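Structures follow.
Two complexes follow with subunit A in common, the first pairing it with subunit B and the second with subunit C.
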Partner chain A sequence: MRHYFNDLPKTALTAGYWLFVAYLLLPLTLMMSMSFKDANFIAFPIQDWTLRWYAEVLQDRQFLDAIAYSAFIAFATTVCATVIGVWIALVVATEGIFGRAAIFALACLPAVVPGLINAISMRIFIRVIDLPTGTAAIILAHTVHAVPFVVIMALTRLRSMPKNLTDAARDLGADPFIAFVRVTIPYLMPALLGGMIFCVLTSIDDFVRTFFLGGYKPTLPMLIFAKVQGGMSPQINAMATIVLIATALIGLYAEYLTRRARK
Partner chain B sequence: MQPVVHFKNVNKYYGAALAVENLDLSVEPGQFVTLLGPSGCGKSTTLRMLGGFETPSSGEIFLDGKPITKLPPNKRNVNIVFQDYALFPHLSVGRNIAFGLELKGLASDAIHKRTSELLSLVKLEDFAERMPDQLSGGQRQRVALMRALAPNPHVLLLDEPLSALDAKLRQQMQIELKSIQQTTGKTFIFVTHDQEEALTMSDVVVVMNKGRIEQMGAPDTLYSRPQSRFVANFIGESNFLEADVTAVHGNVATLDWDGHVIHADVNGNRVAAGDRTTVALRPESLYCLADKPGDRLALKGRIVRRVFKGAHSALTVQLTNGKELVVQIDPVALSQLHSDDIWIGWREQDAVLLRD
Partner chain C sequence: MAESIMTPSGKTSPPSAPRYSGWIGRLAASPIYAGTIGLIANSRAVRLTILLGVPLVWIAALHIGPIYQMLRISLLENYPEAVDGQNAYTLSNYRLFFQEPLYFVPFIRTLIFAALVTLCTLVIVYPVAYYVAKVVKPRNRMRALLLLLLPFWAGELIRTFSVIMLLANRGAVNVLLRELGLIDRPIPMLYTYFSLGFGVVYLIALYMLLPLYSAIEKIPPQLVDAADDLGAGPWQRFRRVILPLSKDGIVSGCSLVYLTTVGVFAAPLLLGGPETVIFPEVIATLFHGSNDKWPEGAAFSIIMLVVSLSTVGLFMKIVGGRSVRLM
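On to the complex of A and B.
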């Protein structure tokens, strides 16, 4: 009896946890199973299974174009954000540079500003600098959003780097640039890979900024949104399932990398 | 012979704080020189100025007669073994050692040859492919040493390279380090705050205190002829006797030590009758006798404290003038003292006058 009472909170906690997991996974499972249903209506029971929707999606030019466009934007964003982020991290980590704390705080600000505010202000900004909406504007907004994450990850790694490491490289005949390329960059690599994958994922996922700054060419989220406006269909389920699995794989890989970096 | 390293009037300030003051130091080629001193006395700063990681606030540093004060670290023909080894974690042992060679632009077979040569020097031939985090402390230490030696520097700088090792391994590495220095014939400048390490390994010990050189010389000279209270205390232990000079004959001064007449070596100091000075006396230079010797000067005293220290004992002896001396005595000599009333003596060259 006493045993039971003692364990009650624990049991409740565990049960609560599993309920939450179910709540989390149920919609996803629903979506995935519907993508295999051989019928146009999204409802149970599923009588016949099919891969038809996947075949259709994979032949859908619009979908493939949107994926390519999103991938391109993600790639460009990642390159820009990584270069800028590492550069800021180096500045912040260097002793004796004036206003390091302020630089760090400003670089991190976009991570906490709401996406909508960010998007609107960007829209006004590109108007002022006479940049048309479209690819460049989207990349600009995505980069601003991704930089803080690169900075934080690179900086954390940089702080754990023994200062003697670059000194040793210099001592053995490396000039500052070679020491940076051959010692600092490899040391930062695990953090950078994690940061880059994060950039890719946030960029592909972003809707609000792209919505405000995009041109006529739809990115993947915009395309799916447009399709949903026209009514749910099993095709959309298939699309979403493909995206879900791809991003989950990338996410797991990033987790693996950061885990290895922490070791 | 031209000194391989020469510090000329070097000062180093960090802001207003003085780290190294008026440093004048010449190192002969092929010597094992140790900078010895307590924490914060400026040893690392001196080494880092030579390596090119700190710039002197004033003064010049010469390497092989050429001024290098303004050269960056990669342009100096000296290499450092860092205290925490600073091995590149993403490179294998072999690639770590090859790092400096690659930057010198050596051909890959020459690099390979030199790397395996160095690895076999420390018996690590089979470890070339290992990563640094798969090595023990002693092995890392050896790799760091070989990496620094690889580019064939004129001078090798070692900043407390053994301090992270346990006592046994440390002794073993001391011997290994010394033998590597002798086989390579390189000039080593070694930093430590461990006096025993300094005495065992060095040709020349430079004792530093508060950014200044207190005294430099061969280990036995430093030990038997300390010039200041600091040196006499930092290297080994000493009794200090405040006494008045009554006469000087050649190298020997006669002093009045609170009513006792004693003799001491003037130790290069210029003193005259009437000067008040300090005499340093090692506990192990003192001997105890049961009876008053007929032929030598000895002082009557009484044992007030005995401390057993294993191989020997430390006796505290109170003399008739009220002063106390610490005497180190071996078990055989101790067994011959049948009462606490004893006589204490020393050879006059073992008592040295200090400058402060």
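On to the complex of A and C.
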């Protein structure tokens, strides 16, 4: 392979890349190292190190409750968004349906509306339909946010699916439902797994929608937000570090799955 | 795939009813299932209803419904609504926006801020995307990309919080500068436009990186070689070949970054200060305060939605990108 630039621009690009990596990783590294600081306040430099913040956080009822609550919301969101997203993708992928392009555009609408507007319109909407703020409202808003991404992922995979697969199943005597469950779903599975993990991550991560639609029970981001506003101690860093490592592992796994699915 | 539901049942009749194991077998054997599936197989109308019903209702109710309700509330004269349904409609909530500098000044500020952030992100991320797509050996490309993706799984709030660690008065930068003897007292960086911009770029760089990367990666190396052979220097190769061919990525990336920045919410709460009030905070107080004014808030949200989407539309028209790729 030829290099298009002589060496100077190439060196500059390499340096730029590593500087950018440093820019991305430095704040997170600082944040994580602060969680080991043996003092009641957040400030550099760190002189004494301790693990006591982790011990404290892992016994903190509020934190554990928030994890369970966020996990529950993420699970419910993922189930709803996957079912509805795949369903919409099936409609868009079916030939001969009037206005497929319009359906696809509208299905993607929540992804281009800025997050805050999305949250506010949902807040107005749930008051109109008399749904109280709280768990159901959060799940609804997170699902609306996640559906476009599931649609896109499922559609990409559906378009690469040979048509004769389901035809073959039908010729061998499978009815439409069984052909769908035994042929289409397994074919979609790699894309679906990636999409599902994406749903989990966006739901756990979400702040603005939960801010407007949440009840008194805090999700993880709401808890961290409340702690940051209420005065800072390295305890927050320990919490954030635990959440970060967990979500990064999930994300890495998702990346692996989607890359494999594309091959 | 959907064809399975749509195509009429096979022209040749199946040799014999297939048998399945497990739960599908039990389901297929039940008479209710056989009846239902018979109905589906025989009637195109039933098939279409099943296929279209849930998606259309969902999209109409939850993708369009909230925006429609927001538009309706923004036109109401009184809120909460009249019980007998006799609502008076007015444009006064929109008029208020243009009369009150307290509202439109932060709005203009937000648009300028978002445009600047978009530009900065493009300038910072483009060389990085180019490096990963073209300079790194294909074998290492995935690893180089993953290293950049890693921080973005941390979540919006945690990343915003991390920026505080870096920029606070007793944060890493100030402490380092003081240790080096360059400053006596900390430079106030937090709660300014600098920290806000820094934080937002940190939050959204990924939305620029991925579209740029996939666009640059698709540029055939032969084209660059040809330009080289015809005597184009590095700058000309970039300006005349690489830049035009990565236009789609630039348009997608800028649109996504701009739309995200306009609606960014956690970052101004944590990194912004009293002088950096931007429009999302203004809107939020109209919904979240003790004296909430929903119609005004709804009207302002509609203005923001229309202006930000049409800005992106105009940008795409001018630059000539075809479509925004979401992923």
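A few points about this structure:
The criterion applied here is as follows: the second predicted complex is superposed on the first by the 254 of 263 C-alpha atoms of A that agree within 3 Å, B and C clash if a C-alpha of one lies under 4 Å from a C-alpha of the other, contacts with A are read in each partner's own complex, and residues count from 1 in each chain.
By our rule, contacts are C-beta pairs under 8 Å (C-beta built on N, C-alpha and C of every residue); 3 or more make two chains touch, one makes a residue touch a chain.
Computed from a predicted model, the values in this text were never measured in an experiment.
In the superposed model, A:V21 lies in contact with subunit C only, and not with subunit B.
Of the two partner chains placed by superposition, A:S160 touches none, neither subunit B nor subunit C. Once the two structures are overlaid, the count of subunit A residues touched is higher for C than for its counterpart among subunit B and subunit C.
Of the two partner chains placed by the overlay, neither subunit B nor subunit C lies in contact with A:Q62.
In the superposed model, A:V183 makes contact with both subunit B and subunit C.
Looking at the shared chain after the overlay, A:A174 reaches both subunit B and subunit C. With both structures placed on the common chain, the touch criterion links A:T11 to neither subunit B nor subunit C. When the two structures are aligned on the shared chain, A:N40 is found in touch with neither subunit B nor subunit C. Residues 165, 167, 169-175, 178, 182-183, 187 of subunit A are contacted both by subunit B in one complex and by subunit C in the other. Residues 1-7, 9-10, 12, 14-18, 20, 24, 28, 37, 40-41, 47, 51-52, 54-56, 58-59, 62-67, 69-70, 73, 124-125, 127-128, 130-132, 134-135, 137, 142, 144, 146-159, 161-166, 168, 170-172, 175-176, 179, 202, 205, 221, 224-225, 228, 234, 237, 259-260, 262-266, 269-270, 280, 283-284, 287-288, 294, 297-298, 301, 304-305, 308-309, 324, 326-327 of subunit C are the ones that touch subunit A when the two sit in their complex.
On the subunit A side of its complex with subunit C, the touching residues are 1-6, 9-10, 12-14, 16-17, 20-21, 23-28, 30-31, 34, 42-45, 84, 87-88, 90-91, 93-97, 103, 106-125, 128, 140, 144, 147-149, 152-153, 158, 161, 163, 165-167, 169-184, 187, 201, 204-208, 211-212, 221, 224-225, 228, 236, 240, 243-244, 247-248, 250-252, 255, 259. Those residues of subunit A whose C-beta lies close enough to touch subunit B in the complex are 162, 164-165, 167-175, 178, 182-183, 186-187, 189.
Across the interface of their complex, subunit A is touched by residues 51-53, 72-74, 79-80, 82, 84, 86-90, 99-100, 103-104, 147-148, 151 of subunit B.
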